[in-house]
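Two complexes are shown next, each including subunit A; its partner changes from subunit B in the first to subunit C in the second.
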Partner chain A sequence: MNLVLLWTDMLVFLLVLAIISFVLVARRREHMRAPWRQVARSRMGMAAAVILVVYVAIGLLDSIHFHPRDHDASADQPRYSADVISVFDWIMDPVRSKVEKTYSAPFATHLYAKETVRLPDGTQDRIYPRLEHGGAHLSDPETQRLTDIATRAGMGLIYALVIWLLAVAVLVGWQSRGLQQPFRRRLADIFKRRTPVPWDVIIYTGAVVIVFISLATQLAPHYHIFGTDKVGADVFYQTLKSIRTGLMIGTLTTLIMLPFALFLGLAAGYFRGWVDDVVQYTYTTLVSIPGVLLIAAAILLLQVYMSNNPEQFSTPENRADLRLLFLCLILGITSWTSLCRLLRGETLKLRDIEYVQAAQAFGVSHMTILTRHILPNVMHIVLITVVLDFSALVLAEAVLSYINIGVDPSMNSWGNMINSARLEMARDPVVWWSLAAAFIFMLGLVLPANLFSDAVRDAFDPRMRKLQNN
Partner chain B sequence: MIAYIIRRLLYAIPILIGVNILTFALFFVVNTPDDMARMHLGDKRVTEEAIEKWKANLGYDKPLFWNAEKDGAGQFTDTIFYTKSIRLFVFDFGLSDNGRNIAHDISQRMWPSLAIAVPSLLVGLLLNITFALTMVFFRATYIDTAGVVLCVILMSISSLFYIIGGQFLIGKMLNLVPISGYDTGLEAIKFLILPVAISIIYSIGSGSRWYRTIFLEESGKEYVRTARAKGLSEKVVMGRHVLRNALIPILTGIVVLLPLLFMGSLIIESFFGIPGLGSYTIDAINQQDFAIVRSMVFLGSVLYIIGLLLTDISYTLVDPRVRLN
Partner chain C sequence: MSHKLLEVRNLQTFFGDDDNLTRAVDDVSFGIDRDETLALLGESGSGKSITAHTIMRLLPPAARVAGGEVILDGQNLLKLPERRMRDIRGGRIAMIFQEPQSSLNPVLTAGQQIGETLARHQQLHGSAQRRRTLELLDEVGIPEARSRIDDYPHQFSGGMKQRIMIAMALAGRPDLLIADEPTTALDVTIQARILDLLKSLQRETHMGILFITHDIGVAAQVADHVAVMRHGCIVESNPREAFFARPRHPYTHELFDALPSRERRQREANDTRPDVASAPLLEVRDLKVHFPIRKGVFKRVVGHVRAVDGVSIRIHSGETVAMVGESGSGKTTLGKGILQLLKPTDGAVLFDGDELTRLRGDALRRRRADIQVVFQDPYASMNPRMLVGDIIEEGMLAQRVGGDRHERQARIEQLLQQVGLQAQHKNRYPHEFSGGQRQRICIARALAVDPKLIICDEPTSALDVSVQAQILDLLKDLQARLGLAYLFITHNIAVVEYLAHYVAVMYEGRVVEQGKVDDVLLQPQHEYTRKLLSAVPRPPEREAS
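So, the complex of A and B:
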């Protein structure tokens, strides 16, 4: 394996490191653990978290890129091919490599369009030709197809059941050892909802997830679950690849904007005076430019720059990756203002509280006051904003790609899928599966993200805590 | 009051100058007029003469900030920055890159945008308030929970799906209204129903959830407890006291949007082929017509600043305790 590190990959792993170190720090501090414990007790939030974990896992697997080894090279003299694939591509190879000629419906064995073919007896006829890969193992698709799908699905369900039972047994066994309780008592506690953390919800959601994964592994290598697109590529694979794009936009944007918003917001609120004036002026100016137009201007600019300097963008992957990064950057510039304003307001309040004044009277430096006394007390605002912004950013990607100012057209993303689906919906007969796949997988990410962010906000926002007590 | 408004308007000038310089930098400094000409004239083998001619026609042949060849004021006024950016302050938008008068286009295309934006805002507001009030009335029951879950689901669906789905279902399958297009006069209504309905449905999730929070916050206050203690029925408490007081944050939150209604909705207009300012902007982005994009950026910023000012004024009008200073 010959690893390739794209810019976005690097930032993703930086983000993962940051989250891990945050968890390590927060674990030992009770006041940081308490709100998270409340999140862990929310039934809706935990169900959402299980699904999010699956998405994140796919996104991370799709972020480890490498040059694959050429098949025809000898073992002692490895040669690497020029294209870049990810670990996820490698796992999905049985699906990725199966390219048909053009559109085919989900689970179809024949193309969606008629073609003129020469029959063995020399005459020509217009028929729906067989697919090269979808259902290719069947000798007579008409009669065998449904039974074949049903048996494979049945096998998938059986596997899922076995894996799920094993997983539950391991989980409950591990917990009962930790708690020094008998296995059956812990099991009864969980399913009668007597545990503080709703393990029953986690187990049920896990069951759903395992069933889906198991069905997909049984069916996807033999059929196109979500059909194929115009150039015959598998739509199921495309929509899974889009997960990484969506996650990147949702997280990297925040990662990029966070330092600016934190630094400027805290400085404006703490130092007041001319610093405050400058920061307020900057964000009012930025916020008064319509966001879409600022993004459009920046992307147009990047396009011109790229077409004038083609030598800096060696591979198509590199090009698409830098465009994604640039999009995150520009989305960050348009979205840091609201967080900055919130932080400034909160800092203005905090700096007049006695303990900050006491610190000032002791002669503690500004830097220390800001990092030790103010920053920890505004972190809940940062966290809530970051989590709430995530789903909005994923949705924004789709809209931007539709106006052609989103990610690179060659990159798999839900926005690009929807964009192409617009023409497909106008065809007769309708090609609906690209849109359906994008819809299902996008909802599958955004809905849990919204539910999870609600749980986080309820736990961290003092205003929300007050509302719940009413 | 008047002094306050004048001061705020004066304060807007540096912000607009900032917007202007920023957009100018985005469009001209990194991206030279030569690049623009090459992109507009299409293929890569354009001659130098063609580029010079295109620049001269549209006034891009001047220096960027400082014209050393002229005397007096001409040193400053005969530059791209002055002719293309400073002129925007007197709303002189000039010509688009393919030679149309932008100000005329804007005055024409404003009306279809308003025809969609105003009904969507009003009906949407009414529906959002109704739903939110119903949820708060039945708070902590299954109706409330179901309402919140429905709102979250509605919020989690991309606006593009509502549009494509609506066009497909209502326009193509049921054939109730035309899929896209626009007409003048009363004929326009049949083209407007679907886009208005879709933009309302799209906004209902986040809207009613937000209003629900406002109503909930309001119903936890002391005067509501007093009203209940007096023995008023829940209907009267909600309809009279909570609704009226909660309308203050709701209405002032909407005022900032009012001027921006002129800008139209980018996505809805371009999907439904409505000749408003939103689709104008999208077309300009797709054709890379920087003159139009620049004018729309400036117009948007002016309208946003007006919106902020109106918000502050509306605070004093609805709540006499707030003083402007």
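So, the complex of A and C:
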């Protein structure tokens, strides 16, 4: 293995590190733990969290890149291919490598378009030829296909049941040991909803997730679950690869905009005067420029630079990656203003509150007041904004790619899939599966993200807390 | 069958369910006649507001009525359907609240809001409605009602807003008026006028009044009958004369004893005698704090708000100087001007020979240890996200006093004990403490840097009477032991009588009168001081027991 660290990978792992260290700090502080405990008690929030965890796991696996070993090279003299693939690609190898000639429908055994082929007897005919990989193990697809799919799906369900039972046993066993309770009692507690954290919801959602994964592992190596696209690549694989792009846009953009919003918002609210004027004029100017135009201009600029300096980008992956990062950057620059405005308002309120004045009466320095008194008391706003913005950004990527100013066309993303589906929808017969796959998986990310962010907002927003207490 | 207007029998209102039951109102019975005022007296959390809300059937969803009857003219209100109850509310029983600011809708004019009630309960519309609205505004003493009827709430002062609230309540010609702390948010001179107004309105309309208050003085002024509530129960209920002459229940005695007053000061005789002969610790000379009013694109200064306009006072070590004034008189701004939290426009603040207004940067920072501050709101004055120990330590870190980590921790524990808390409280968060305990923590925080002067900005006005007494005692005790000087900013004359050596009366940014506490309070010279002192409600003398 020969690891490759792309720019976005680096930032993602930085983010993961930051989250881990935040968790370690928050564990020891009651006031930080309490709202998260409330999130953990929300049934809808936890169901959404389980699904999000699966997405994040796929995204993270897809963020560890390396040069694979060349198959032709001998064992003692390893040679590495020039390709860059990720751990996820490596896991998905049986799906990734099975490329057809062109379009094929989901679970099809034949191509979607007629082709002129030379028959063994020398004559030519226009038929739907068999696929090279999809359903290739069947001798007579007409009769065997449905039974084969049913058996494999059945196997998948059985595996899923076994894995789920094992997982539940391990989870409950581990909990009952931790709590020093008998196994059966803990199990009864969970399923009769007597635990503060809704473990039953987690277990049920886990079951759904396990069923889907297990079905996919049974079927995907033998069929194209979501068909293939124009150049014959598996759509299921593409849409899974798009998860990373979506997550990157949703998280890295926030990571980039956060320092701007925090620093400028707090400074404007705390120091007021000319600092406030400068910050306010900056963001009112920025929000009056149409965001899409700014993004289009920046991306076009980058494209020109890239085509003029091709020597700076060793691989196409590098190129696509840099474009993704640049997109995050420009989205970040256009989206920090709303958070900045919120933070400024809250800081204006906080700076006149009595504990800040008491600190000033002690001669505490401005920097210490900002970090110790003001920052911790605006963190809930930051958190709520970040989780609410996430889904908006994922959707923004789709829109931007659709008008060709999004990620690199070579990169898998839901936006690109939807963009290419624009032409496919005009074909007759219609090629619907690219659009459907992108739609389902995007919904599968954005809907849980919204539900989870609702749970987070309910837990962190002081006004919401007041509503619930009444 | 009784002939009383309102009869409340064995009322019980509970919060929560079986596991976590709070008996907010527990077996409360009382009656109110026409022309009668019942004062429901109690400290915060005693259940007096919940009683009123139960009568109006306006309880929060978490509360439920567990038993009892509320009978208005022979009709049990608790059994009525909600639709009939809406006719009762505003029609037969009206309510006024503590905060006139938040009880009026800011986007409707005074006339519209009163008209709404008239349309609902009196079926008055058009010009008849307007005529009646004008009459009501006249009745509650709004001058030039005709020109003010179309004004919005923000164009009225706090006292005027409360008058409009009363006019709204009267619009439905109620038989019973429930007044929930109607004067608590108002200044004492305005309070006196509102209380007079309620009395005269009662004489005209013969309504019964349920007056909820925490202030014994106010109760003495308005009540015909006084009921004392504690922990959801009525512990004592008597006609006014009997109640004040011979309070019976020990809790009532406690309440009376907790009242700060000159008598209590003489009784306790733990007074310190400040050293007035030596040079003053703090000398404020002709201090002015003006806020510029800016207008236009370039924010040109078009005028000034003269919040503090030429104040001179002296404070000696070991002395308590009280700064008395109503809201808006500039007393809090004066405190901030002395602390250099606000930059004074003009004048001098001499502390121990240093001119504070000229100090900059580090020199000022070092001086800050000598003057500390305790604020009014015990809930806003501590960062909710810091441990109590860290809150107290903050000043020591900023001032680089208190030695190393271990010494600082020891000092924090000692400070907590000094203000009557326990050493292990340092590992808790502020929200785990009550208002009085928080105020003790704030005092400990101020003491951490060994100040010579503490500016107390209304430190007890958010607290109950009994807790206020404890905090005042603590302040006195600390003064005797540490020789502290206090600048005590307050609107409460009784506290001044109890605590201060020297008093200055502030009015519209100026000190109108200052002198020794007995001289000023017993022989006020200035007209405003006399007006202020005569407005203070006082309970009548008790018979010697």
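Everything that follows uses one rule, which is that the second predicted complex is superposed on the first by the 465 of 470 C-alpha atoms of A that agree within 3 Å, B and C clash if a C-alpha of one lies under 4 Å from a C-alpha of the other, contacts with A are read in each partner's own complex, and residues count from 1 in each chain.
Basically, contacts are C-beta pairs under 8 Å (C-beta built on N, C-alpha and C of every residue); 3 or more make two chains touch, one makes a residue touch a chain.
Since the model is a prediction, treat every value here as computed from it, not as a measurement.
J.: Mind working out whether A:Asn377 is in touch with subunit B, subunit C, both or neither, as first, second, both or neither?
T.: second
J.: Contact-wise, after the overlay, does A:Ala359 reach subunit B, subunit C, both or neither (first, second, both, neither)?
T.: A:Ala359 contacts subunit C only, not subunit B.
J.: With both complexes overlaid on chain A, does A:His31 touch subunit B (first), subunit C (second), both or neither?
T.: second
J.: Please tell me which partner, subunit B or subunit C, touches more residues of subunit A.
T.: B
J.: Which partner does A:Thr368 reach: the first (subunit B), the second (subunit C), both, or neither?
T.: The second partner, subunit C, only.
J.: Using the superposition on chain A described above, determine whether A:Ile51 touches subunit B (first), subunit C (second), both, or neither.
T.: neither
J.: Under the contact definition given at the top, report the residues of subunit A touching subunit B in one complex and subunit C in the other.
T.: 470
J.: Once bound in the complex, which stretches of subunit C touch subunit A?
T.: 60-62, 336, 339, 341, 364-366, 368-369, 371-373, 375-377, 380-386, 391, 394-395, 398-399, 429, 442, 445, 449
J.: Give every residue of subunit B touching subunit A within the complex, in rising order.
T.: 14-15, 18-19, 22-23, 26-27, 30-31, 35-36, 39, 152-153, 155-161, 164, 167-168, 172, 213, 216-217, 219-220, 263, 266-267, 270, 281-282, 285-286, 288, 290, 293, 296-297, 300-301, 304-305
J.: Under the definition above, what is the set of subunit A residues touching subunit C in their complex?
T.: 29-32, 353-355, 357-365, 368, 372-373, 376-377, 469-470
J.: Spell out the residues on subunit A that touch subunit B in their complex, using ranges where they run on.
T.: 281, 284-290, 292-294, 296-298, 300-301, 304-305, 307-308, 391, 395, 398-399, 402-405, 414, 418, 421-422, 425, 430, 435, 439, 442-443, 446-447, 449-451, 454, 463, 466-467, 470
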